[in-house]
Amino acid sequence: MILGKVIGHVVSTMKLPVFNGYKILMVRPVDDSGKSQGEVFLALDTVQSGAGDIVLVIDEGNSSRLIINNSMAPVRTLIVGIVDSIERIDREGLFN
Amino acid sequence: MILGKVIGHVVSTMKLPVFNGYKILMVRPVDDSGKSQGEVFLALDTVQSGAGDIVLVIDEGNSSRLIINNSMAPVRTLIVGIVDSIERIDREGLFN
Amino acid sequence: MILGKVIGHVVSTMKLPVFNGYKILMVRPVDDSGKSQGEVFLALDTVQSGAGDIVLVIDEGNSSRLIINNSMAPVRTLIVGIVDSIERIDREGLFN
Amino acid sequence: MILGKVIGHVVSTMKLPVFNGYKILMVRPVDDSGKSQGEVFLALDTVQSGAGDIVLVIDEGNSSRLIINNSMAPVRTLIVGIVDSIERIDREGLFN
Amino acid sequence: MILGKVIGHVVSTMKLPVFNGYKILMVRPVDDSGKSQGEVFLALDTVQSGAGDIVLVIDEGNSSRLIINNSMAPVRTLIVGIVDSIERIDREGLFN
């Protein structure tokens, strides 16, 4: 599971029927200070998130299909929570 | 799921029989502004996409096999939609 | 399985019910000398780890669901151990 | 699925019995112009590929086990085709 | 499957009971010339490998659980062979 920021959505009329009714959001992965890390990807929303939200993103096929209740849906990436706040504690060094 | 751009296809006569009849497309992953990100890969097409198209790509084994209706096919990456347009909203910062 | 350092946690009220009761920790992957490597991610805790701990992290969907005993939970990343110490032996070269 | 180039093979006498009889090839991932991208990995061959060949590589556990017909084999990466040629079309920009 | 070099091991008393009896080794991924590539990770040993060995590493959940004969073990990464030697052939260019 990673933190991401919703930065937009994708419009696609020509697509597999299984995606009809789902909003396909663009997500930019961010680290604990909100800095961009890794590559932009697409995710289906399950918690009514919107542009600008910091979200919890799960990337796992079997559970994603269970959540949207469609055992054949070609989905792997879902937005499963909206983040209120982040508590950071980051001491330097391996064992201190 | 990610955004990609179809940049060509691969010709292979010596391959597993399960791939016969499928077009193997080369896809370059792109971010929300169409800039290349990550590494070029291969995908099977399910929506009649062609060179130059911006496409939705799923990378998950179980669902890919279901979609092409072959439980033994060694596939993991499918093109499942063609993108019409992208709406981008990208405010800077973690919580604003 | 990788080594990580717990650097904080995430507060989210709007999330899938399946996450209620779980603490969502932020983890920074580290190498054998405690240097940061790769990207910050989120994990559920199973061993009472806390901020600053060096932990063992597993990233695999099926086993993660078994461990938290919920076959539908959209989890893939769990903290499964706390590291006491690391023994390093690193000779240079391929075969010496 | 990705493109790779066979660059050698690995000799290992001390290994799990399930690998006996298989040639373990070293593969360097390449992009559409044959330039190296990503990290060198190992794959089992299913199409009689050899050193210098540009090959199709699948990286997925369940289908790999089906192909080599061993439901317990710890394999995930197979060479499934040899590439004859690559047709490239790469227009710049997101929608042109 | 990749090549790795065993560079140490991890001591952890506070961990899931399923790991008792297993040695958790630190592995540095290497390329065909023994140069480090990618990120250090942890793996369970199945072939009596030790520090300094060049090893074959499999990273796949279902088969790893089968090999250690525990369908609930949260493992994904196993050392499955020790490398004797590597034969390298690396001609430049895409098709020559």
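Note that the chains take the letters A, B, C, D and E in the order they are written out, and that residue 1 is the start of every chain.
Here, a residue touches a chain if its C-beta (ideal position, glycine included) is under 8 Å from a C-beta of that chain, and two chains touch if they have at least 3 such contacts.
Bear in mind that the values here come from a model prediction, so they are computed numbers and not experimental data.
Novice: How many hops, at fewest, get you from chain A to chain D via touching chains?
Specialist: 2
Novice: Only C-alpha atoms count here: how many degrees separate chain B from chain C in terms of the superposing rotation, rounded to the nearest 5?
Specialist: It is a rotation of 145 degrees, to the nearest 5.
Novice: Are the two sides of the chain B and chain D contact the same residues or different ones, given that same means over half of the numbers occur on both copies?
Specialist: Interface between chain B and chain D is built from largely different residues.
Novice: Could you state the distance in Å from the CA-based centre of chain A to that of chain C?
Specialist: Taking the mean C-alpha position of each chain, the two centres sit 18 Å apart.
Novice: Nearest whole angstrom, what separates the Cα centre of chain B from the Cα centre of chain E?
Specialist: Chain centres of chain B and chain E, defined by C-alpha means, are spaced 30 Å apart.
Novice: Where does chain E touch two or more other chains at once, residue-wise?
Specialist: In chain E, the residues touching two or more other chains are 61-62, 85-86.
Novice: By the document's touch definition, which label belongs to this structure's chain graph: line, ring, star, complete, or other?
Specialist: Graph shape, chains as nodes and touching pairs as edges: a ring.
Novice: Can you trace the ring for me, chain C first, then chain E, and on through the rest?
Specialist: So the chains, read around the ring from chain C toward chain E, go C, E, D, B, A.
Novice: What does chain A use to touch chain C in their complex?
Specialist: Against chain C, the touching part of chain A is residues 1-3, 29, 31-32, 37-38, 46-48, 56, 58-64, 66-67, 78, 80-91, 93-96.
Novice: Looking at the complex, which residues from chain B come into contact with chain D?
Specialist: 5-16, 19, 24, 26, 28, 30, 33-34, 39-44, 51-52, 54, 61-62, 65, 72-77, 85-86
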